[in-house]
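The structure appears below as structure tokens.
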Amino acid sequence: MNLLLDNLPALLIAVPLLGAFLVPVIGRFLPKIRDAWIILVSFLASLAAVITAAAVFLKGTLVYVFGAAAVSSAADSGGIPFRIIFTIDGFGAFMLLSAAIVSFAVVLYLVASQKERSGKSEFYALYLLLTAGIFGMVSTGDLFNFFVFLEINTLAGAALVSYHRKGGIAVEGAIKYLIVNTVGGLMVLFSIGLLYAQYNSLNMAFLASQMTWTTLNIVALVLFITALGMKAGAVPFHFATPDAYSVAPSGITAVMVVASQAGLYGLFRVLFTLYGGSINTVTIGWVIIILGILSMVIGVTMALPQKDIKRLLAYHAVSQTGYMLLGVGVAFAVLGDPAATAAFGQTAMEGGLFHIINHALYKGLLFLAVGAVIYRTGVWSLNKLGGLGHNMKWTMVFFLIGALAIAGIPPFNGFASKLMIYESVFAFNPALSIIAMVVSILTLASFMKVFHSVFMGPRLPEYENVKEVPKLMIAGMIILTIFVIGFGLVPDLVVDSIVSPAAAALLNQGSYITAVLGGGL
Amino acid sequence: MLPMLKEILTQSVKKPVTNLFPAARLPKSITGFLEDVGRGKANLIPPVETPEHMRGKLSYKRNICNGCGLCMKVCPSHAIEQVVYPVPPAKEGEEQPRAQKRIRIYVGNCIFCGQCIDICPKEAISQTSEFLLAAEDRFAESQIIE
Amino acid sequence: MDEIYTPAEVADKLKASLGDSMLDSSIRVRAEGAKKRENTNIWITIRREAIHEAAEALMKIRYPHLSCISGYDKGAKDENLRVQYIFSIYGGIENKECLVIFSTDIPKANPHIPTITDLMEGAAFTEHEKTEYLGIIVDGLEPAKHRFFLPQDFPENVYPLRKDDKKIPDSMVKNLWASGRPENRPPAPLGDE
Amino acid sequence: MKLTNSLNRSLWVFHFNAGSCNGCDIEIVATLTPRYDPERFGVKLVGSPRHADVLLVTGPVTNQMADRLRRVYAQMPSPKVVMVVGTCGQSGGVFHTSYNLAGPIDQIIPVDVYVPGCAPRPEAIINGVVTAIAKLERLEGGK
Amino acid sequence: MNIILSAIGGTIVLAIIGIAVGLFLSGIDRRIVARMQARIGPPLRQPFTDVKKLLTKQSIVPANAIPWLFNLMPIAALASSIAVLMYLPFGSLAPILGEAGDMILVLYLLIVPSLALVIGGFASGSPYATVGAQREMVSMIAYELPLAISVVIIAWRLMAANVADPFSFMTLMETSVWDVAGPLGIVGLLLLLFLFMWITPGELSKVPFDSPEAETELAGGILAEYSGRNLGLFSLAQAVKMVGIIAFGVIILLPWNLSPVFGMTGAGAAVIDLVFFFVKVIVVSILSVTVVRTMMARLRITQVVKVYWFVFGGIGIAAIILLMLDAFLMGGV
Amino acid sequence: MAGNVPYKIPIGPIHPALKEPVHIELTVMGEEVIGADFTPGQTHRGIEWMGLSRNPVQIVHLTDRICGICGVTHSLSFARAVEQIAGITVPERGDYVRTIIAEFERIQSHLLWAGVAAHELGFDSLFYLAWRVREDAMDAIEFITGNRVNYDIIQIGGTRRDITIDQYAKIRTCLKTYKDLFSKLKKLFLEDAVIKSRCIGTGLLSFETAMAYSAVGPTSRASGVTADLRVDYPYCAYGDLDIKPVLPTAYGKDVNGDTYDRIVVRIFEIAQSIEIIETCLDNMPAGPVLWEEKVVKILAACKKASGEAVGRHEAPRGEAVHYVAMDNADAPIAWKVKASTYSNAHVWPIILKGAQLADIPIIVASIDPCMSCTDRVAITDNGSTKIFTKEQLSKMSYEKTRRMLQ
């Protein structure tokens, strides 16, 4: 047991990878239990993630070196890049939690919704691979490994996007996604190269401790921001997101939200942990804030006229990402000013981070609910849908909850995090809060439109016989719904126990470095 | 810009133009109120004054009428019907007496045009200024003039 | 176009254009009020074939205003329907407006008239009305997909304004006045009022 | 549905024109104006039959409107009162014989109060409302 | 346990007071409107009678509606409007849910009754209700901008004056913005007051911003298909919401209490402040709802958006600039 | 919520914006109207058919009830037609009484319209005000005729009642009230910012279209057409007056042909009517008002008459035309009614195109429609008129409408 606990970080990657490897085998020889196997693997992976996170929250940053007996051996050589080192601090743990919840809920959903499909073994293998990629990205303490997991994430994601779909759109969406992310990946690699060339190390803690404000580092930072912004789907790098989301199977899209947030993780990690103490945070902070505002406004205005329901959700994902950038950006801008950080910076940070998990939850829920509609009707276009509320009561309720949450209506979780953002960023600049609030109401309008055109109105003859979706799909949605409502009802509890540590981890660059390199520096 | 503002403000300090028929407010019980009015215990606030020649419910004097039926010919709304009085069978040898004819006016059909008054050679029909004619039954006694 | 002709000149000009198709014309003047200022109606009877020509001829004099086309059944025994095209010209000029009414007979056996919608689009409705009320067939009028004036479920081959066998059958007529009226109500006694 | 005193004091009216000449309809509107102001009694004109307690019907009911009249009546929540305003809704009035009329109104839906007049003066309509309230009071008392 | 009981008790009392004050407000409103139109108008208790009647009437669910949603929304609307009251301080009485709520929460809670109306309108399946619901949504977008501006800038000004927790009502009860603002700020605050006067009719869908319910266009719009009890609940919700919105405006912009003037404390002060508070609510309601709706014609929905975003948005920005300048001059930031 | 899928919205036949049954189906994109289809007049009562079995005296009362807003328009037109056939001359005083009543009707009708227009705009205070002052005209009318709505004052050969000298004072008082009110009305209707913003530029009808579509009355005059029967084709006492058609220029503005101009024309026509009545009262010729007192004799004269004639009148809404033919019988052998709305409704599809959904009621109302005698007309903008059964229609409307948010 202890052995298991000690090697938790390894399990994070090992369980899904092993599971993924075994899926085709089991699918071949024991097809009956394949679905159960998938659920089990996913459950175990998520469990591992949750326990890891809990351990981090309780005991502090976890540093794990693959193949090394003790933590210290990772640090002693400073520049040794070849060991795989996992550094899971509050922020990483936080991201793990978010990924764990969503990926498990989605598995339940997928198992039911993909029942009639072919080629499932590969599909699930890819899915588990994607999970592993996400877990890896948020756990690693090493830039090169980060790049590797990023690529896993991208490739598995692109493969899943184009899965089960023949013909132009799906493939096109996948290719676009692939190209953008690969370009992003290359930029990341290039930046890593720049850093490695200077410091001869890939260990983030080590790099952070050495970081200075040089031209090369600025170039690296710009590349990082661009590349990870692409991954996260923020404006102006948002063009691939809607294309990919709109064609991917709905369950997958829900996970892709988490996948892209891993990009956001990377961005924040680079900003705070890698560069944190060494740069002019106000300028970069404003850059992030402006990217955030643009994402918010452009995302929502692009979403309003959309007819393709999943594209619409994708644009909202862009818009919601803006909130996270806004909160975190403000925190970054005042990083150098302890008074301001205490007064509102930290809250802004917490709001932004809290919004990450909230977004993963309600956007996941929305994608699953929309997926349920598509599952039953086979129709994407808002123009053709209608009157489903008569037949798909549960789906409608889940959608409505998701919609209210994303629009930031109390008492759902979206409101809790947005409230923190409003009530902190205003101190930095009141216009930011006002814009954020207006974007929320536009989001609400957009979702009311979708709600109306999909579920309301008289029963349509073509959907006369539509039934509610299978129980397992509902179960997947229920899991997310519980969190959406729960987080909304007791936001303080959630913030205190998981968000604050995450924020603290980011704000406190020194502790990260210390955790890895020891007090020696 | 908004000229109504001045108007409503001046109006709000003036007396309302409302005529309070039949009572300023709804009494506790209409039935009771109407009974009281009947007994002279309560006052019905009268309607806006009607002009002298207001065309209200008709009044008909059947003792003057000669039954010529001109009013029926000219009535635009078929409100008038002829009433023929039964005649006892004539006695042997006597000439059969002519049946007496009169008219009957249905308020529910009448449009109060007064054309029958204009044409009546005997002035048997005249107009009153009664116009509060609501009824639950359109053939109630109050709705038939004969 | 800007010249204003007297009613007699108008009648002459129309006669000149229509020739033999114009059967008859009369100018009726009416004067009312204390000053007895006159208003004029020009009544012209034409052959059915000349309807379109007549409208055209009128338009050459001045752009007319079409009030409506009226029509009636000359009787159950009569073989003809009669229609009147009621135009007015010189509208908008003080005391100069006059009506120009073209009348024509239309045999019931062959109730066709040409449309004038090619001259003035607004005539369509009143032409449709003639079809519905009198059973006149307007040639060249874009056929209606439905009735314009009567209820959609109105019986075929019944025309409200006809007086012959295509008239409203008695079974369709409802006597509202009789509804619920008490029968055998005894007469009120005479002599006691 | 139960009749209550609050119904009498808050009669909301929906107006239905079943092919009238407009005369009665105009007088109905005139009744609502400041000079007569039935809002004193809680009477209010509403735009949807769903909100109405009283249906004011005018006109001799053309064949096209008969069915709609039935539908509007059905849409009203009970308890509901029907009031015929004007002579032609009662008996056809000048339109007493025609081939396209389905009326009078009481042939289509049940009627509670008739207000004769062509057109009835506004106060006659108020009197009709009073008659209707008296009838409601009687019905309440009877049960 | 006791806390829960007293919270429930407090909620019930508050709900009753909210409903009573709300209906009373609309009674006054209708009465004054009538007087301004040269009429007598209904008795003051008319709204009570109307609601009583509606509650006893049959509630018809239209054929195209989704019954449970259709029936649930009136309740949701009422519940959420009552919830608003629980976060508001009345006079010198602290809110029932004291610390839990603040201005932004209330601002969003105020959206919920409208949202319930929108969803109810959608759920009724009628075209008119749908257009109405759509317009309600648009007008929510419209007034959100000036509303957000007012709330955020007030909090910002307080913060600039080193007031902690500027969004909290508890803070507002202690510190009035008027006290911290200098002359420029006062001008800015007056602008905000003006702004609020015009936001209120928008939030309540009253003329000139009543296009969601526009009787002559949409036959009652959103509410076209609602009848009987459901309609009654909506009117209750509307009444309570009216209290909520106006009280909100009074709290943030007209925060004065009478008791300090008389030097009173204790229960007496609470009572007198409460009375004074409702007097303020009534006055504001007359000025911003009654007078406005009587003197104007309805705006088109597109004009509503234009007016709120450009005219009132502009005024709001002017207020922001004034208050920020003021903070600079007063040396807050 | 911009829309790019057109959807249909049915309005009527029972709709609060319409005091009369008319069915309008609008094709709408977002909030903008892109097409309109009308099925006005669900009120076909078969009046012309009824007339063919009644005598002219009865028909006069029937014509009064063709429409309750114009208590005199149709009876006057009808009576003038019959008089021409029977060769009856109306005494001069009769002409004057007719004119006075007709002008009171115009005042009453324009105020009624103004009130309705205000109501369509959601401006209830103004609606109440217009109708409140309208009551004065109603009182005067009732005072003269004995009924507020259906005056029943026209008789073949004149009028049934005279305006006696002792009535003048009261009528003059009423006119004075209106004169005093006029500047206030003008201000309230024409200077209100919201009314202006909603009416200027909406419901445009160009001069050319007004001409081509034979529009009549204030609808055409607001577009700059100078036509007014009272001036162009004098009848009754109008020939004795010195009047000019009222155009939007009366308010010192250019002619736009929009909804606002139609308000201007009607408001200024009220002033014109007041003047006409005053002039008529001042110049009332003495004598009888009716060609023949005995109704029986009128009936006999009508029975003897044969021939055909057209009677016209410039109603508040524009030209009304009655064609009558008689042939030695109690009842006429032909009777055709052409109301003003019959001519004006044609312009609806044109003026509605491009309008905002919210402006439909005021635009529809701006031609002052009166359906009860126009009856059944179906109008469409592109010739693709469709009328559906009620069930189809409501089903269709639901199906289409649910897309309106997109």
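By letter and in written order, the chains are A, B, C, D, E and F; residue numbering begins at 1 in each of them.
Simple rule for what comes next: contacts are C-beta pairs under 8 Å (C-beta built on N, C-alpha and C of every residue); 3 or more make two chains touch, one makes a residue touch a chain.
Because the structure is predicted, anything quoted here is derived from the model rather than measured.
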**Q.** Chain nearest the overall Cα centroid
**A.** E
Q: Tell me which of E-F and C-D has more C-beta pairs in contact.
A: E-F
Q) From the centre of chain B, which chain's CA centre is farthest? A) A
Q. Chain D to chain F: how many Å between their CA centres?
A. 26
**Q.** Between chain D and chain B, distance of the C-alpha-averaged centres to the nearest whole Å
**A.** 20
**Q.** Geometric centre distance via CA averages, chain B-chain A, whole Å
**A.** 82
Q | Centroid distance [mean C-alpha coordinates] between chain C and chain A, Å | A | 78
Q. Residues of chain E that touch two or more other chains: which are they?
A. 34, 36-40, 43, 64, 125, 130, 134, 137-138, 215-216, 219, 294-296
(Q) At least two partner chains per residue is the criterion; list those residues in chain F. (A) 1, 16, 44, 46, 49, 61-62, 65, 123, 125-126, 128-129, 132, 147, 150, 192, 194, 398, 401-402, 405
**Q.** Junction residues of chain A - those touching two or more other chains
**A.** 445, 449, 452, 456-458
Q) Which of the residues in chain D come into contact with chain B in the complex? A) 8-9, 34-37, 40-42, 87, 90-94, 96-97, 106, 112-118, 120-121, 123-124, 126-128, 130-131, 133-135, 137-138, 141
**Q.** Touching residues (chain side chain E, partner chain A) in the complex
**A.** 63-64, 66, 68-69, 102, 104-105, 107-109, 111-112, 115, 118-119, 122-123, 125, 130, 133-134, 137-138, 140-141, 144-145, 148-149, 152-153, 155-156, 159, 167, 320, 324
(Q) For the complex, give me every residue of chain A touching chain E. (A) 389-390, 393, 400, 404, 408-410, 415, 419, 422-423, 426-427, 430-431, 433-434, 437-438, 441-442, 444-445, 448-449, 451-452, 455-459
Q | Touch list for chain D against partner chain C, complex | A | 60, 62-64, 91-92, 95-104, 106-107
Q.
Could you list, by residue number, the parts of chain E that touch chain F in their complex?
A. 33, 36-39, 64, 125-127, 130-131, 134, 137-138, 207-208, 210-211, 214-217, 219, 294-303
